[in-house]
Each structure stands twice: as structure tokens, then as C-alpha cells.
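Two complexes follow with subunit A in common, the first pairing it with subunit B and the second with subunit C.
Let's look at the complex of A and B:
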């Protein structure tokens, strides 16, 4: 076998392998979508119909709205809190920097199931005012802050200090430099964090499961879970399961279309 | 103006958020784990009973959880290593598409569980194929392999990420040297590349294991009533919030945190500071 043919074969096999694994990854989503929209008629023929989406109860859409509001508030809080911290971590040298970084990351290493229970206990005894909608916002903001921090750190690190120095030399104040020069340059990196937080908080399940009891707030994934347990695999449940997945997918695809994978690499991608 | 007065206000909100809503609750779960049942709510009775009883009553849950999460981690390494290697070394076209697809499992275990549930259930797309092969769909559905398959799909991105990071860190001149000195491709891989990427393999497995310790929907929906419900995450949920035995729930919760902490401590040590 010639060298060229050998290379061709190896390249083809490589792509086949990636496609095979990606098919497995896409399998659950596509099979859910199939269940939601493909209808088998009594005579055996199959058609595509979006009727299952009309069968979703209004209560579910309300929960989607609750979910979206929680996610948006979470994003707002996380960006407001994490971007300044990331800026300080990258730009200034101070004692115990690594320790601080570990301190801020700790929550990422605790499984959602334990974290959820810990939060429930603290809501019962200390933060009684959080037993409700805001309990979710606080829980998600704390749990996902790392993602905003990490992507902002990557963005600030990639930022060439020359631009800021130039602005400062030309007489702009610290604050003006930050808003007019630094922020626009690191924007796409911070948006990467926003996308990750949106996607993860829209679909968060296990912490929500524990919080839903005491807070009496139910998010959309919880409705899907209880519908799976009670209504099984009926088409409307499949339709419910696809709603937030497709929203998340759209968010990710839109982001990648505008900014590519550059700002996500090193944070969650290789 | 001193540096400190610039740094401090910038990091304070982040520290406050984590202190109030992460470290304080974590401290509370530790305290509650030493109290009997829901006595913490009235007049706390402190005891070590929960920890003593835990390993007796929930031994099988520990076994199931470790078995499922551990095996899923091994599968992630076996599947994820070639994936990361090919993505970084062999493929240039469409590489970003493959990268993007790897985000999808992050949407959550619930959806993976649902998709696979429908795939296998009687009347589902695969059941006819299984019937033809003489396998009952229910044997496949409520079984360990199905739960492990779901878990390994869920955590595959973490394995690929960790292995990829360590592959990127390998100085290619070592491999070139081995090739120049006459080692075959296979030998170069086995003797040079694989040992150098070992930290990535270990961190990948541990990360996958750590995340799967906390999964609930996959084992409960796919593992069936015998295996699937007897996992630690489900026990934490049911003992604390369904049967109100907050003491025991907290004790299992603390145990899971302790195990994960040890796991991730090893990860951070091995990965030399690269984030998980």
C-alpha cells in the first residue's frame, strides 16, 4: 500500500470514529425529538407532526418562564460578581492569590446532590427569606459563578496590556479605560461564560430537585422528571424534554457562529 | 492609592457570595450530620450514630454507586482517549463541529436518561431489533450496562477535556526523536505518548467518577428499581426530603463530599494546576 493511500485510510478511519462517538452523544436528543414529532398512523405510515407540542400543559410553559427568569438573573449576578474578581486575579499580584482562587472554585467540586441538601438546610435555619424564587437564583449564582470567573480570567489573560497602557497614557482614567478599552476587548470571552451559565442553569436538575420541596418552586426540568415518572414516554413528555434542550442548543450554536470556539477552549474545550 | 484598596473591593462580592451560600451551608450540613433524625429542627441531639449506621444500612448503595461511576469512568477513558487524540492530531476540517457536539452532554443527565429510556422501552425504536435478537427489552433497560452507558455519555466531555489538555502539553520532539531512532508508530505511541499523557488519563477518570457520584436521573430511570434506586444520590434525596431523616441524609451527603474532595485533590495535584 502506498504511503498516500495509507494516510487517506487513516484519515477516513479517524473521521469515522469521531462521527460514531458524536452519533452516540447526539442519540438521546435525537431520539427524544423523534418521539416528539414523528407520529405513526394506524396504517403504519409515519408523518411529522408538531401536535405533541400543543399538548404541553400551560403549567409547563409557566415553569419554563420561571426557569428563564432564574437563569437570566443568575447570569446578571455572576457577571457582576465574577468579572471584577477575575480582573483583580489577573492584573494584580497579591498574597494568597492561589488560595483565593481555590476558595472561589470550591463549589464546583461538591456534587450537586450534597450542595442542594446543604442549601436547603441553610435556607431553613439562616436564610428563611430565600425560601422561594430567590432561593433558586442564589443557589445557581453561587454554583455557576466559577464558569463566569474562569472564562473572564482566560479573556483578561489573552488581553494585550498595550491597549490599556495606551489609553492611560493618553489621559483616560482607570474607570474610563476599563469601560472603553478593556471591556469591549474581553467581551466575547465574558459572553462565553454567559452562554455556559445560561445552558447549565436552564437545565439544572439535581440541585433544583432538592430545592423544590422547601421553596415550593418547580422548574421545567423537574416537571419533565415528574412527568417521566408518572406519564412515562408519552409524546408530550418528549416534547417537554426537547424544549429547553433546543433553546440551549440554539444559544450554543448562535454563540459559536459569532465567536467560534476560541474563547471556550481552555475553559471547557480542548 | 495602595494596590490593596483596588483589589479588595473587586474580589469582595465574589468572596461574600461563596462564603454565605457555599461555605456556610457546607458547614451546616456537617453539623446536621451529627444529629439524630430531624432533631436539629427542635432541640438537637448530637451523636455519631449516623456515621456508624450508614455503612451498615447503605453499604449496598456505596457499592452500586462506586461500581456504576467507576465503570463509566473507565469507558470514558477508553472512548475518550482516541477521541481527544484524533481531534487534536489528525483532524483539521470540521474540528469545531466535533468540539461543539461535545457540549451537548452538559445539557444534563435528565435528558440523556429520557432519550435512552425511550430508545429501549417496549414499543420503542430498538425494541423490535432486540426482539429479533431474542432479547427482552426489559432485560436491557433496567440493568447496570444501560445506566453505565448513560453515565459515560454524560461525562465523556470531561474525560476528553482532561486527556486533551495533557496531550497538548506533550513536547512533540520526544515523539519525533523516538521515530527518528527507528521506533514504529505503535511503539512510539505505547512507549512515549501514552506514558506522557498518563496524568490526563487519571484526571479524566477521576473527574468522570466525581461527576457520576452525584447523578440521580440516570441510575433511577435507567437502572431500574433494584439497582438504580439504591445509589447514594437517591438515598440522600429520599432520606432527607422524603422521609425527613435529615441527620442521615446529611451524613451521606458529607460522605459524598469527602470522597469527591479526595478525588479532586488528587486530580489537582496530578494535573499540575490545570483546572478540571
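Let's look at the complex of A and C:
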């Protein structure tokens, strides 16, 4: 096979691979949108209508708001706790450091259902005061804390200590060095964790399902699931699903626009 | 101008002693270099002076002030690192202004000082560039401007030219010397490159295995190395193990013996005949001479050219004398005569060499 043919073949295969991946991701999303907006008339013909969106109940929108609030609070708490904790874990030596890292990595592999069950047992049966909206916030924060912690640890570990040393030698104290130099430089790493927590907490289902019983709070994904169970896969249910997709996308895009890109350019976060 | 004094500094990592009772002094406005091979403890010593590493023993004084336990931000130092340490999220202006902002200076003064510092390193007009848009040499200049802007009491440079290509390195080392002379700051400079150290230093401390082996001016260290390590580390030399045959107190000339050759050395004091000594003869101190001129030299030997190596401005000859191979450097247009001279018999002569204790 000539070199040119080899290049052409590998290029075609690369494109096919990309198309396959995009199709695998986009197809289910497209089908949901199709179910929400394509209506079959009595004569068998099809038309596009957004009527299904008007059929979404007010309760669903309330739950979207609850969901977004829980997610934003989760991110705020996780970042506030995980960033200093990760910094301390990376910078300071103590005896059980390795053991702690092994434990933290180990927790990561606990299945969601087991973790959700553990949260229900803890919050409902042990700490009965953590119910309702704040029960969700605390549960999500602890659940996603590890994600924030591990991404921040990786970011701090990858940071060349020479920048902090330079800042100290130029007269900056520990706190100023942290806020003016360290934090902006680990920004992209922390942003990765924030985006993941935002997306995952907005769409968290298993923990929400287990917590919704004792806390009596329903999130938007639970509402969609409940609607599927009671009404079947109706266009308005598909419409709810597409709304959730759009909310997720919008929040991540807005976050990256106002913080992420700044971070990636290395501007100061806080 | 500030005087720096470090007394008996010690740093241990487990059982490994990285810095072993190091004492060094830099007078006001002096450029002092700590020179040594990789891993000898020179950077650790500098980092202890900066406060980046706490010492396990010893004291550090800036003038009369004991700064041993002060953090780096309270020492008023300017540290230039081996790797470029410009903050990648700030442009050149903000990098240079950083230290001034930490000192809470008014904005108008910061602007003036940044401009002045950039002028000093010939980097005016680069204020808006990001560090990623600078070449290695430019980045190092900005880094020097950043430390100079804060008007530090002491400058500490940790191999700032080690990642820069040879030509630029040559240019920048003289720039550093010029800036140090202009600002009259006390500068402690760390390097493993003896040519760099010799070109810029007022005084040099040679370090090996965590200890200071010798202190002196570049000339003193080059001409009178105190240990075999220094003789080998500083420049190129011919090391010969010898025994004492005779010492003539009247003329002050010792006769030493090696490989059946008698080598005469001027030495001010009596040498112990029971001991063995190293002698160090620099290749540039040995001349290829006319056989009729042998009288003019304290030592002259007949030998055969084993090899002639072209090293730009030098052609280095390996001369075999009774099985003892000496390196001899030849210069000028004469050096080209030796390029195809393998196997040729010549006469060499030399007057100076150094006796070192084993």
C-alpha cells in the first residue's frame, strides 16, 4: 500500500470513528427531542409542534429551580472545603498521608447505590435533622466532595512549586501567595472538577431517589422518572427531558464563559 | 548595600548531609559565587540563605540582623531561579510589579519602578507580553528586572543561565555583572560552570560534598587549587602522582619523581619525603619548545605526539613521555601545524606546576 493511500485510509477511519462517537452520544438526545416536538396528525402526516412544552407542569419548573439551587450550593460548598483541604494534603507531610490517599481513591470506586443507601441511613436514621432541601445539599456535597478534592489534588500536585517560591521571595506572605499565584494557576484543574460536579449533581438520580423518601424533596430528574411511570413516554415527558439537557448545557456554558475561560487564561477566580 | 554572613550552616536529609558546616561571607556590593558540581549542596545553601529551606544548624546574618528564622518574604531578597519562574498568568508588567504591589507602593511609583527595572535589563516595550511570548533569554531578563524592581538588600541567583543556549549565556553573564556593578547590590551566585564563575565573580567558594573546599579570587583558585578535586574541577589539568626525591632549601626547588621522570617544582617549604604528592600541571602552562631552548625551562622532556584534537581556539596534544601522557594546549596559527603530527617527536617545557597533598 502506498504511503498516500495509507494516509487516506487512516484519515477516513479517524472520521468514521468520530462520527460513530458523535452519533452514539447525539442519537438518544435527538430521539428525545424528536419525541417532544414531532406530532403525528390523525391523517398519519407528521408536523413539528412545541405544544408539549406548554404541557410541562409548574411543579416540574419548581423542581428544576430546586435542582439548580442544590447544584450551585453543592459546587460552592465542595470548592470551599476541597480546595484548602487538597492544598494542605499536597503541601504538608504527615504520617498517614499515603493511607489517606489510598482511602480517598478507594471511596471513588464505591457504587452509587451503596453510597446513596449509606447517606439515607446516615441522614434519616442517624442525623434526623438533615431532611428536606438542606438534606439534599449536604448529601450531594459529601457525595461529590471527593470529585472536587481529587481534581484539586491533581491540580496542586502538578503546580511547579517555583511560582510559589518566587512569590514568597518577592515579599508575598502565605495567604497572598495562595490567592494571587497558586489559585489562579490551579484554576483550570479546579474548573474541571466544578464542571463535573455541576453536570453530575444536576442529573443525579440514584442518590436523589433514595433521599426523596425521607426528605420528601423531589428533584427534576425524579419528576421526569415519576411522569414516565404514571403517563408513559408522552411528548411532554420527552420535553421535560430536553429541558433538563438544556439547563445542564446552559449552566456549564455560562460557568465556562464567566469563570472557566478566565481560568484557562489564568485570571484570578476569587 | 548589605553584608551577608552564613556561619556553620547544616542541612541533613535523613542520614545524608547536604550542607556540612558551610561558612561564607559576602561583603557589601560584592559578587560572590558558590561553584561546584551537581549535587554538591550549592543550591541548597542558597535556598537556606533565601529562607526557602530551614537549616538544621548555623546562623545567617544580613549586616548585623539575624535572619535565620525569618520567612523569605521578610528577608528583602531577590531570588532568580534556575527555571524561569515568571507567573504565567501575568504579563511582563504585572510580573515586575508583583513585588512592588506586595510592598503596597502607590500605583504611580510602581509604574515608574517597573519602567526603570525593564530599562536596566533592556526590556522596555515588552510590558504587555505574556511570559509564553518571550524567549528564554528575554524571560530571564524580565525575571532579573522583577527582583531588581523591589530594591532587595541581597540578590541570590541560582544557576540562572543553565537552561540558556551557549551564545546567549555568554552575553547574559556579562549583563548580570554589569547590572550588579550598576546597582551595587550584594549578589550570591550559584553555578556549576567555572567559566561563568570566573567571568563574573569577585570571589568564589568552591563546594564539594556539602563542604566549602576553597575560597578565593578566581585567579587564586585557578592558580593555587588547594585540593585535587579543585584542580580537576577548575579547568583542565594533568594530574601526576609523585614521590619526593630531593628538596634544595637554598633554591627552594623540590625534585619529584613520576614514571621515571624528574620534575622540578618551586615550593616555599620542605616537603615530607615519606609522603606522596599529586602535582597539577595545566595544559596551557606546557609549551612545545625548540630543543635548543631547554635551558630556559625548569622542566623539559622529549615526547611523542599521540593525538592532536582540534577544539576551536585550541589544538590539544596528548604527548607520551616514557609512558606518562600529558595534555598540552597549543594556540594561534602555530596550532594548525600539529593537526597532522601524530607520531612526531617534540620537546616540551614548563616552569609552573602546583603540588597538592594527597
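Simple rule for what comes next: the second predicted complex is superposed on the first by the 233 of 270 C-alpha atoms of A that agree within 3 Å, B and C clash if a C-alpha of one lies under 4 Å from a C-alpha of the other, contacts with A are read in each partner's own complex, and residues count from 1 in each chain.
Convention: a residue touches a chain if its C-beta (ideal position, glycine included) is under 8 Å from a C-beta of that chain, and two chains touch if they have at least 3 such contacts.
Here the structure is a predicted model, which is why all the values come from computation and not from measurement.
By the touch criterion stated above, A:43 is placed in contact with neither subunit B nor subunit C.
Using the contact criterion defined above for the overlaid structures, shared-chain residue A:58 touches neither subunit B nor subunit C, since it reaches no partner. After overlaying the two complexes on the shared chain, residue contacts for A:185 are found with subunit C alone; subunit B is out of touch.
Annotation for subunit A, partner touching more residues between subunit B and subunit C: B. With both structures placed on the common chain, the touch criterion links A:171 to subunit C but leaves subunit B unconnected.
Legend: residue contacts after superposition of the two complexes on their common chain; A:162 is shown touching subunit C, with no touch to subunit B. Residue contacts after overlaying the shared chain place A:32 against subunit B, while subunit C stays out of touching range.
Common to the subunit B and subunit C contact sets on subunit A are residues 265, 268. Partner subunit C is touched in their complex by these residues of subunit A: 160, 162-163, 165-173, 176, 180-181, 184-185, 265-268. If you check the complex, the residues on subunit A that touch subunit B are 10-11, 14-15, 17-18, 21-22, 24-32, 34-35, 77, 80-82, 84-85, 87-89, 92, 94, 100, 103-115, 117-122, 124-127, 138-139, 141-142, 145, 149-150, 196, 199-200, 203-206, 209-210, 213-214, 221, 224-225, 228, 233, 237-238, 241, 244-245, 248-249, 252-253, 256, 260-261, 264-265, 268-270.
Of all residues in subunit B, only 3-4, 6-7, 9-11, 13-15, 17-18, 21-26, 28-29, 32, 40-41, 79, 82-84, 86-88, 90-91, 94, 96, 98-119, 121, 124-125, 153, 156-157, 160-161, 164-165, 167-168, 210-211, 213-217, 221, 232-233, 236-237, 240-241, 246, 249-250, 253-254, 256-257, 260-261, 264, 275-276 touch subunit A in the complex they form.
Per the touch definition, subunit C reaches subunit A in the complex via residues 50-52, 71-73, 76-79, 81, 83, 85, 87-90, 98-99, 102-103, 146-147, 150.
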